[in-house]
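You will see two complexes here that share subunit A, one where it goes with subunit B and one where it goes with subunit C.
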Partner chain A sequence: MRRFDYLRPKSLKEALQLKKTIAGAKYISGGTDLIVQIKNRELQPTTLISLRSIPELARIEINGGARIGALATISDLIQHIELGHNYPVLIAAAKRLGSLQIRNVATTGGNLCNCSPSADMALPLLVLEAKVRLQSAKASREIPLSEFFKGPGKSCLSSDEIMTDILLEPPSQKTKATFLKKGRVKMDLAIASLALLVEIEGGRCRKARIAAGSVASMPLRLFDVEALLEGSTISKDSVSKAQQLARDTVSPITDLRATEEYRRHVVGVYMKRGLEKVFG
Partner chain B sequence: MKNFHYIGKETPRPDAPDKAAGKALYIHDLERPGMLYGKIKFSNHPHARIKHIDASKAERLNGVRAVITANNSPEVRLGFLGDNVALKKDKVRQYRDEIAAVAAIDPDTAEEAVELIKVEYEPLPGLFSPQEAMKKGSPLIHETDAQGRPRTDNLVPLRYRHQSGDLDAGKRAAKYVAEGEFSTPRVQQCCMGTAGCIAEFDMNSNLTIWAKTQIPFLAQRDFNRALSDMGLRDKNTRIIVPALGGGFGTGLDTHAYEYIAILLAYKTGRPVKIVYARDEEFAYLSPRQSSITKITQGCDQNGRLTFREVEVLQDNGAYTSWGATYPSVMMMPATSLYRVSNIYFNAKLVYTNNTFCQAMRGYGNPEHTWALESNSDELAREAGVDPYEFRIINCNKPKETTPMGFKVSTCGLKECLQTVAKKLDWKKQNKKGKCRGKGMASLVHVGGGGRIYRSDASGLILKLDDFGNVNAYHGGVEMGQGLHSVLTLGIAEALGVRPDKVFINPLDTSTCPWDVGTHASRGAFMACNAAILAANKLRGKIFKLAEELFPQEAEKNLKKYRKKNPGYKPPAFDFVKEAKKERFDLKDGSIFIKGAPPEPWLSLDLGRLLRAIHFRTQGQMLATEVFYDPPNELPDFAKGFGNISATYAYGTQGAEVEVDTETGEVKILRMVAAHDVGKVLNPRALKGQIYGALAQGIGYALYEELQSEKGKIVNPNFRDYKIPTAQEMNFPIDLEFIETNDSFGPFGAKGVAEPGLVPTAPAIANAIYDAVGIRVRDLPITPEKILSALKKLKASKG
Partner chain C sequence: MKAEISFILNGSEVNVTIDGHLRLIDILRNTMSLTGTKEGCGEGECGACTVIVDGRAVNSCLYPAHEIEGKSVTTIEGLRMPEHKLSEIQQAFVDNGAIQCGFCTPGMIMSAKALLDSNPNPSDEEIRDALQGNLCRCTGYVQIVEAVKSVAGQIMGKK
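This part shows the complex of A and B:
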């Protein structure tokens, strides 16, 4: 591993300032992805600026909706009782992320900013229609998470910005959600995963939000399947159509973890199982 | 049956507290004054001529103390065929070929220096499968053999063949036949502690090496030969074995990195440490060899086997290590699992540009049992015989001699089969509509040593001190399997002292007696047999001296006892007359006369007797040394004959699984295992061995594969090389030990380090077949393979 400097600013302002002045600097939060990349020499930063000493970044607030500090660890989410009560699908995904040791250091914002197509936290946050707040020295902006990802390792986060918060709308009593993940073993990167949130009224699907992981260049909202389901009654036929459309909509690749065909297949099966689950 | 004091009792391992507390010192923890860090430059071509190596930049880097290549250092040959050298000169034959190495003041500098070494290659066509490499006109991977004689093909010059009975007659007698081709992947041993060593020379040019090895004494021979290659004639190697974080066969050979550390240490005059990072362990250490097995078996109308025909093809990789000798072990189940008299077995090994392979737990047996027990299930179903009944019909029996010449002493296979069938509720129908099924598979393995070298012996020195402690010096390696636990119990039991009075000393070739190595499930069998020999010798010495000294010491005791208990009348017992060496016994560290009244003063503490022996005029201290060589023979593997082991271990494992036919996932609901272990030495340690092996077997069955693309390992990390974790082992394991009390076994015990792995994969595969009617023939059985087989099944049913 190449040598690098390590700085630990105490405020967001200082963190943003440091990044501007030091060439080749990178922010680090949990480091569970970043350190691996540095060790593999995919990244060679001159300086790591840790965000872990900025207390407001790790806070979780319930305020009708929720504000999750980007530095909140996955274990922080799991241990937060109200958050779990309000957004169980978020916790279901959190529990499947890595190992206990990883969950204790990996952060929610880090999982998103790493922009992996398999990011476990992205899926429930996509179906919950979360927004993320991005802060630069000059300005702050809020954007829907669905617009955040731009490709593997790519997002709309610019180099002078820090993701500070993940914002959730108040939970709806009328919705039901589920998270499904397939790994080669239980503790694994997803080879295919799916989050599903639906609002049902009188056997009819009023609203559907679906996101799939590891089946495209980024965590993907399946808008076509959502449109297919919304307004329709849930039957064997519509489930089967959704399964087929989910399979067809995604664009996975073959790599050493799974083939394209298998990823497609699993997303279809999960689409069906997810619907069966939320519709009882 | 004999009543034992310590043997068979649930006992914690003596090494466990230090290991759990982080106090045990592994190679990673060790440092020497002035130590340098070595790093190796590996090839990035699978097959190429080395045109030029430019190490000048690396040499100039601050903190670098030496850069070695084949151009500036002596040639050191390695491998039992001598087809490999520590540093490659003209040609690379696999991605992991060592081109150069650096010694530097810290690991970062060493790594930076290695990156500065530039190598020019002229790429050659690569051969990545044995079929491809066998083709006429294929480029030669080795143009000459170790002696410089030209080679004409890529076949490895090793012969493994067995022929017995009359194959054609066997075929004619067969009413039912099953034929299949089964393959297994390369898998990694995945030791928790990665490979590494520290090499250091003294001023007389003798070498000390701290090595992660399972064969310290054969390694001493190998390294002494290397010293001689380096021009250091008649110099010696001392090997010190630190705590090992797992061996699983990785320590059965000496490695290029060790020779490189030796070369760097000699060049710099300083200790040099090389330790592999996890990705290096995956990519640059030899894994388990892959195999392709064609097997045909036939049986008569009653389900009795009439013949077995086997052709094995192995991808040897670029060089030869112990992976190339797997067929010697494959022959064992091929000839000796179930009774069959007409057998043909032949194995071929081919050089390729893939990574070369070494030993791993089971050593060819899991590979072959995978084929054999899958095929046996198919044959049973073909014949309309229940697979369990089929195995009972063909079951091995005690006192038989197998076609390979194995003299079976005890054999609990039938009991193992019955136990597994009972525990699995074999006859009970599977739940309808659930895609559940049951399967079983059996094994035979060496359980009484394995003579693959001229000597299969194990030495032991026991040294008593003034306090009644026993210091043991043994050549066997504790690598996490629990050898010290059973050796401690064995010594305590055989000698008659408490286990906490027994201390096993660190393994050092300069203090410990010779042992061929800790492999072939032989550790406990050898160590405890040696313990019994040594203890009997020591007891003889102790009792002889007690004849002289017991009366006077007992007299002193009695005087003291009377002072404390006025008016005490000793029973009528003439201890002076009775103090004869053959009358003494030693238990829990006390010497007494058998049949004497149980008076406390008539029992003498061992420490006290030893002090009395030590401190008299012309005193002496007691120690003894033994060399146990088991009654087995070195087989001729080209003829496939020889009683390789003093006794054989048998076992059966069963699985109940549920298959998700939509995702192809296999869920193991439970596993049962029954093993003929001869005699349980330490139940806790034994359970650990079986559970661990079984988990490794599940990895082999369902998850593990060292994937390579054109010879390059593409999943050299635990992110993409998946082993079962606690979440996969989330099912009950019902374990039962069958005690056959083998007459060759120490206290009746057989070796059982490997058996738990051996039949796991076919048991699971047979259960999958039972559940959904498909058979995947290449390991690992992944969900994708299951789905594709289900698809084919559906298509064939129309």
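This part shows the complex of A and C:
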């Protein structure tokens, strides 16, 4: 591997300061994607600034809603009983991310900031309408996760910012959610995945939030399908319309893991399966 | 830029001076000469490099060496018993025919150990989930799962 320096600041302030003074530096959290990218020479940083020694970044707080430090590992999430109780769909996705060795090190914020179209954590967080907090030396801003992704490997995180927190609204008793993922084996990157959150009242869908993975250049909210479902009664006909629209909305590619056609098909099937699951 | 780090390796404190770009597996194999830990894919897919850091199984090929400062690392060499005897889990792999070429074995055993340390009586599903990140290309996984189960049974029997 190409040589680089490795720094471990103890505070957020120090981490932000270091980045400004060192040319070619990059932040590292869990590193399970980053180290591979460096090995493959997709990235050639002069210095890695580790965020793993900043305790407040790894904290998980339940405060009505939840504040998940961006450096909380996927295993930290799975082991957090209250988080799992309040947001089961988040934990369902966490359990499907990589192998145990990866989950023990990979971080929630890292999964988002890597901006893979297949990012497992993005889907439940999109349907839960999570916000992310981005901090620079000068300012802090909160943006909806749905506005964070800009393309494969691209987000609106600027080079002088650190994602510090993922923020969740208090859980609603009225909603039901599910996460579905297709991989060749359980620990694979998703061939296609779908998260679905709905609120039902008297057989009518009052609210729908849908997100799909590995079927576009970024984890995608399916706003059109949500609009179609909201206000409608759930019937064979409305489910079939939602399936068709979901298939038409996504824009997958063919690669070594699956074809475009297959990915579209899976999204349609998952749309139906997801609705059946939440409507019991 | 070199830095000195100290950590617990298989129960003993060690100090090493290392470069920034090194990974935990580089330190284990090249600096400490502990070659039981294997590098297979180098990308976190195969699990041959699995070691235990502070109780959790991790891929040492993706673990920046600097992050090991102040932590406790257990490698396959740390399972050695007095008089060159094998540990219970190692013996179970031998007894159950869970080894062919042996390249995946140290990683497989470290994943199994991390599981059994935190969950002495795992279900089949829990065993398979804990070993999902360890690939064996010689054979299937039935004997390996059997080996882990036999140790879980023994531990249960002792209670």
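The working rule: the second predicted complex is superposed on the first by the 280 of 280 C-alpha atoms of A that agree within 3 Å, B and C clash if a C-alpha of one lies under 4 Å from a C-alpha of the other, contacts with A are read in each partner's own complex, and residues count from 1 in each chain.
Please note the rule applied: a contact is a pair of C-beta atoms (placed from the backbone, for glycine too) under 8 Å apart; a residue touches a chain by one contact, two chains touch by 3 or more.
Only a predicted model underlies this, so the values are computations on that prediction, with no experimental measurement involved.
Trainee: Touching A:Thr47, do we find subunit B (first), subunit C (second), both, or neither?
Mentor: After superposition on chain A, A:Thr47 lies in contact with subunit C alone.
Trainee: Using the superposition on chain A described above, determine whether A:Val269 touches subunit B (first), subunit C (second), both, or neither.
Mentor: Only subunit B; A:Val269 stays clear of subunit C.
Trainee: Does the superposition put A:Ile28 against subunit B (first), subunit C (second), both, or neither?
Mentor: A:Ile28: touches subunit C, not subunit B.
Trainee: For A:Arg3, using the defined touch cut-off, is the partner it touches subunit B, subunit C, both, or neither? Pick first, second, both or neither.
Mentor: Touch status of A:Arg3: both partners.
Trainee: Spot which of subunit B and subunit C makes contact with more residues of subunit A, would you?
Mentor: Per-residue touch count on subunit A favours C.
Trainee: Of the partners subunit B and subunit C, which touch A:Ser75 in the superposed model: first, second, both, neither?
Mentor: In the superposition, A:Ser75 contacts subunit C only.
Trainee: Applying the touch criterion given at the start, work out whether A:Val105 contacts subunit B, subunit C, both or neither, answering first, second, both or neither.
Mentor: Only subunit C; A:Val105 stays clear of subunit B.
Trainee: Is A:Leu256 touching anything from subunit B or subunit C once the two structures are fitted on A? First, second, both or neither.
Mentor: first
Trainee: Is A:Leu189 contacted by the first partner subunit B, the second partner subunit C, both or neither?
Mentor: After superposition on chain A, A:Leu189 lies in contact with subunit B alone.
Trainee: Could you pull out which residues of subunit A sit against subunit B in one structure and against subunit C in the other?
Mentor: 1-3, 185-187
Trainee: Looking at the complex, which residues from subunit A come into contact with subunit B?
Mentor: Listed in rising order, the residues of subunit A that touch subunit B are 1-3, 182, 184-189, 256-259, 262, 265-266, 269, 273.
Trainee: Quick check: in the complex, which residue numbers of subunit A touch subunit C?
Mentor: Those in contact with subunit C are residues 1-8, 28, 31-32, 35-36, 39, 47-48, 50, 52, 75, 98-102, 104-105, 185-187.
Trainee: Which of the residues in subunit C come into contact with subunit A in the complex?
Mentor: 1, 3, 19-21, 23, 42-44, 47, 50, 56-59, 61-64, 66-67, 69, 111, 114, 129-130, 132-134
Trainee: Using the touch rule from the top, collect the residues of subunit B that touch subunit A in their complex.
Mentor: 108, 111, 662-663, 665, 703, 707, 714-715, 719-720, 722-725, 727-728, 782-784, 787
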